[in-house]
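What follows is a set of structures for review.
Presented sequentially are two complexes of chain A, the first with chain B as partner and the second with chain C.
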Partner chain A sequence: MSATSPYATGTPRRRARRAVALGPGLAVLCAVLVLVAFLSVTMGSRSLGLWDVLRALGSLDDDGSITSTVTLEMRVPRTLLGILAGAALGVAGAVLQGVTRNPLADAGIMGINSGAAAFVVFAITVLGVRGAGVYVWFAFAGAAVALVLVYAIASMGREGATPVKLALAGVAVTAGLASVTSGIVMTNVDALNELRFWQVGSLAGRYTPILTGVAPFILVGLAVSMFFGRPLNGLALGEDAARGLGQHVPRTRAAAFAVVAVLAGAATAACGPIVFVGLVVPHVARFVCGPDYRWILPYSMLLAPIVLLLADVLGRVAVAPDELQVGVVLGVLGAPAFVAVVRYARLSEV
Partner chain B sequence: MRAWRPILALAALSALLAGCGDDPSTGDAAAAAPAGPWQFTDGSGQVVKADKTPTRIIAHAGEAAALMSFGIKPVGVYADEAVKTDPNLKSLDLTGIEILGEEWGKIDVEKAAALRPDLIVGDWWPAEKAHSGMEEGVDEKSKKLAELAPVVGVSQGKSIVALAEGYEDLAASLGADVDKPEVAANKKRFEQAVATFKEAVAAKPGLTVAAMSPSDEKVYVANPPYAPELLDLQSWGLKVIDPASPDPSFPYWENLSWENADKYQPDLILWDGRSFTATANAEWGKKQPTWFKIKAAKAGAAVSWPAFWLHTYGDFATELDKLTAAVKAADPNVGD
Partner chain C sequence: MTATMTPPKTAPAALRLSRRRRATRSLAVTGTLAVTVAALFVLTMMVGSFRLSPTEVIASVLHLRDDPSVDFVVRGLRLPTAASALTAGLALGASGTIFQQLLRNPLASPDLVGIANGAGLAAVLGIVVLGVGGLAVSGLALGGAFAAGLLMYLLAWRDGVSGYRFILIGVGVAAFFDGIVGYVLTKAQLFEARQAMHWLTGSVGQASTSELRLLAVALVVLLPAALLLQRPLRTLELGDDAARALGTRTELSRAGLIATAVVLVALAVAVTGPIAFVALVAGPIANRLLGPATGGILAAAFVGAALLLTADLVAVHLMPTPLPTGVVTGAVGAPYLLWLLATTNRQGAGG
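Here is the complex of A and B:
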């Protein structure tokens, strides 16, 4: 992990040109996201006439027809959830990679997925609850607890939560929670079967209640995260340099972790652990934008939902009238994508 | 959730076994003297032999119920749920029988070994190529049950009637008197139930039904060729919808995304009995926007389907009477 200075990568003229190109780039991504969202509403495992879908969208009122119900009650919330969850995972991944200066950091490595899974299993076995609507809150709580735990463990000792200690604590907490989870599901086949569905990561079967449940968290998290560009740039220089720039490093780290907990926690709670988006998208953003987090963050926020929605649309049309979970599609497409990123982008320069 | 056990247990082995679902003939009891030597043709087609007729039998829930209906009492049983709620066992007297498992996929093999069994009885599942309790997805430890004694079972093939007959043959080979009056009475009750069912079905020629199982992610529509009781119902005239494209790697069901929940419009829903409750239909209608797009669901036309558990003439007769009542009450034009 070399701490390359974001300000040392080019002459002032080059930086200026880059900013000129990156601004409109964001507008282009916005347009692409709108287009992908349109695809996500008009395409799916059920083939509906384009005009019927548009008419349903136009009236915004469920007239009881199947087109109207599928469009307004299923595809629109699904698409909105995909956009929010994608943006949350992308930004959470970018912030985590920045704050831990670890190119492999994502929600999974920081204990978020395993914490959420452990709490879902707890809900199933001890409390006996069932259903995606209930798992949301347990998963959210589990993600937050795991992240707090990781941060607390890493903070022990004089030098505080350094990147290396964060990574080690993340791995340790993940391993610990995962072994608790598998310990329980080994002795409880029911829990295993329930968890198997949750653990794939999917946008299916999640409608307006779940969307409205997690949307406030994600929206606030996204808004706050956009102020982290400058602090993350500072941290990228190394802790001493960041301190020299007047940053309160532990406070920055703690705040960044809180934002990640809210974003990744809410997304994981709503959709289950979705892999690769949080890991790969920030690298793609970094490849496009260079090392400046003031650009990486908004680019991640727009790129990630584009990737997530495209994968979801693919999973829906590929095996109609059945559907593939988006987690499966991303798993299959994500691995080669990550190899490509490793090959072409200089991964180590976080 | 019990509803997904067959789905999940098999999802795990998926494509590996796809395409090799040939259906071995149901077991034929070989005529053998109770003292032995003994032999029985297993559902897998293998002939299992022993020098002496087995007497210490461990059996899976429904298989135990079938043997007990002929007077063969096993020394141990393993069930997929608490024996108090298991549809096969809940009304039976199990005193003196060791309970070796009350959860799918979990068998206490150590306890089983202490019983010194000389025969294990579990259905043969042709699609999974395994006996009940030793399928893919169960605890690895449970599979060791097969090391204690030979395993035999009748194939979960094309008919519950054939399954019941298979266990009658097995019981006979084990020395049971299958001509006892109780046995004859159950058979008679079953024959009457079939006759009234056929009558009710014939009175409603336009009635179609679909066997379904809704879940959070998808709606599953049962594929009759892999559900013997549905094949029986079809053979008695009931129009059970054959789904057009069952999952190739898991042919028990066709998987429909919730967007496609209304692909089939039956007049009556046979609801997977493992998840059916009196309020289930209303709950799913509230939870999933498209469930009530199935007109039968909207009309509340749903009845519990005894999915994958029937083994005896007596149980089938009881369940058949309930289905007959539902058929009589059904409106054959709901789904049109």
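Here is the complex of A and C:
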């Protein structure tokens, strides 16, 4: 983690040119997102005629035909959830990497996934509940509890929640919770069977109730997170510099963690642990816009759902009528793409 | 660092004092850890349904006394498990701290940057697709770990390997392997999925003697090598330019360190399966114990061994049903690290 200034790349003129190019870039990404969403609604493991789908979309009420049911009750909610969860994971990842100043920090390593998994397993074994609709709230609660725990432990001691302590506390909480989960899973075949499908991460089978449940959290979280660009730029300069710029560093960190808990918690609750998006998309955004978080955050917010939806569509089309979980597609296709980008891009560090 | 407490007359004297303090602390901590590991090693072989005294265990291990029943229990049943916990712990601790220091990131342990994931993928494919078990799985895991390490090094190479690029490549490679593992697990029959998840959790009780011997030999060769590389590692931590200015051959040392760490972790994973968090937490725990003398590879190796031996004791003897060791390493290591984090007021000691 070198302490390069986020503004140090390029001459003033280059930076000005960059800003001119980045604004329209956002508009282009919006257009791409709309296109991908259109693909996600019109393509799927069941091949439906394009006009039938469009007619179903146009009429907006379910007339009982298969096309209409599939479109309105499965594909549209799924697409909307993909957009929301993708945006939430991307932004949460960018904020976490900024706060911890660590390129490896993502919601997974900060305890979110293991907290969610632990609560889901607890719900299955102890309370005996079943079904993705119920898991959502347990997963959300687990994620929030884990993140609060991480932050509380890291902020003990004189100098508060430093990046290193945050990272290590995240690791330790993850380790402890993962122990609990795997301990239960190893002794309970039922829980193992449920968990192995939950933990791949998928957008399938998450319909309207889940969508309407998590949407408010994600929308509010996204709106709030867009104000974090400047504080994160300050933190990137180092704690002392941030304080010198007039920031209340502990307050910034706590607020950022709260936002991450809401965003990543809701997304993980809805789709299971999709690690890749939150970890990788912020890096891609950073290649595109340089180290300025005022650009990284909106770029992450748009890039992440594009990636997620594309992977989801591919997973549906590739092996139709079967389906590949989006987590698998992201790993198999997204990871090599990311490696290629890393290999040939000029990196600017976190 | 600590010399501010009693300001000495001249700068060289202050330097000497601080160096001496650091050396004493390092020696004391490493020594204590070594004794702890030895005690735990003996203790693991004492407890069980057939209780033994420490002298019986030591005598049997060192072939000092001939008592067939004791020899059977100790050398036949308990020594392989204890030895695999000891050796795998040493290897994981050492390689974890090497990675963390080399990449200058407290999260960059081999389980997070792709190497253990490569081993995991190879082994899971072996279990689920090929239907093999035992030694074949270990061999596959070994191959997978080496392949992952080599792949990452080659992919990250661009006029030398920069730590940051290596980490990002590791993230991508790990995601790739994990994606396939997840796919294979959802497609597998429940029985094989369970077997695969059991292997992925990692356990010290499944090693065969041949793998164990290989790991022991590797440790005997590579731990001293790692200690020799400790000095270049320390300068590399200052950044490449500073290291070069101090006379370190950066690319050569880095390649040597990565090779050492990869071989150690690959063999450990082959013996026990990818036991999580030992490599990740051993370095930070050791650093907090070492205080100003951070970065001791030997101390981290001892912490790893102590952690794994304790985890084995807890998993086998304190749980209602014996569990794989990997289940409890988190539960054993995490609270201790959290406690250290909460009580040590030092910034930046985690790297």
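We take it that the second predicted complex is superposed on the first by the 340 of 350 C-alpha atoms of A that agree within 3 Å, B and C clash if a C-alpha of one lies under 4 Å from a C-alpha of the other, contacts with A are read in each partner's own complex, and residues count from 1 in each chain.
In this text, a residue touches a chain if its C-beta (ideal position, glycine included) is under 8 Å from a C-beta of that chain, and two chains touch if they have at least 3 such contacts.
Since the model is a prediction, treat every value here as computed from it, not as a measurement.
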Quick check on the superposed pair: does A:Arg130 touch chain B, chain C, both, or neither? Answer first, second, both or neither.
first
Which partner does A:Gly334 contact after superposing on A: first (chain B), second (chain C), both, neither?
second
Check the residue A:Asn193 against both partner chains and state whether it touches chain B (first), chain C (second), both, or neither.
both
Partner chain(s) touched by A:Arg316 [first = chain B, second = chain C, both, neither]:
first
Between chain B (first) and chain C (second), which does A:Leu279 come into contact with in this model arrangement: first, second, both, or neither?
second
With the two structures laid over each other on chain A, which partner does A:Ala204 touch: chain B (first), chain C (second), both, or neither?
first
So, does A:Thr69 touch the first partner chain B, the second partner chain C, both, or neither?
first
When the two structures are laid over each other on chain A, which of chain B and chain C touches more residues of chain A?
C
Show me the chain A residues, by the header's touch rule, that chain B contacts in one structure and chain C contacts in the other.
186-187, 189, 193, 196-197, 325
Name, in rising order, each residue of chain B that touches chain A in their complex.
1-2, 4-5, 8, 103-106, 137-139, 215-218, 245, 247, 254-260, 262-263, 287-290, 293
Residues of chain A touching chain B in the complex
44-46, 66, 69-70, 73-75, 130-132, 186-190, 193-194, 196-197, 202, 204-205, 207, 316, 320-323, 325
Going by the contact rule set out above, which residues of chain C touch chain A in the complex?
104-108, 112-113, 155-156, 158, 162, 164-165, 167-169, 171-173, 175-180, 182-183, 185-186, 190, 193-194, 197-198, 201, 239, 276-277, 280-281, 284, 319, 321, 323-324, 326-331, 333-335, 337-338, 341-345, 347-351
Of all residues in chain A, which touch chain C in the complex?
1-2, 102-105, 109, 153-154, 156-159, 162, 164-165, 167-169, 171-180, 182-183, 185-187, 189, 192-193, 196-197, 199-201, 275-276, 279-280, 283, 324-325, 327-332, 334-336, 338-339, 342-343, 347, 349
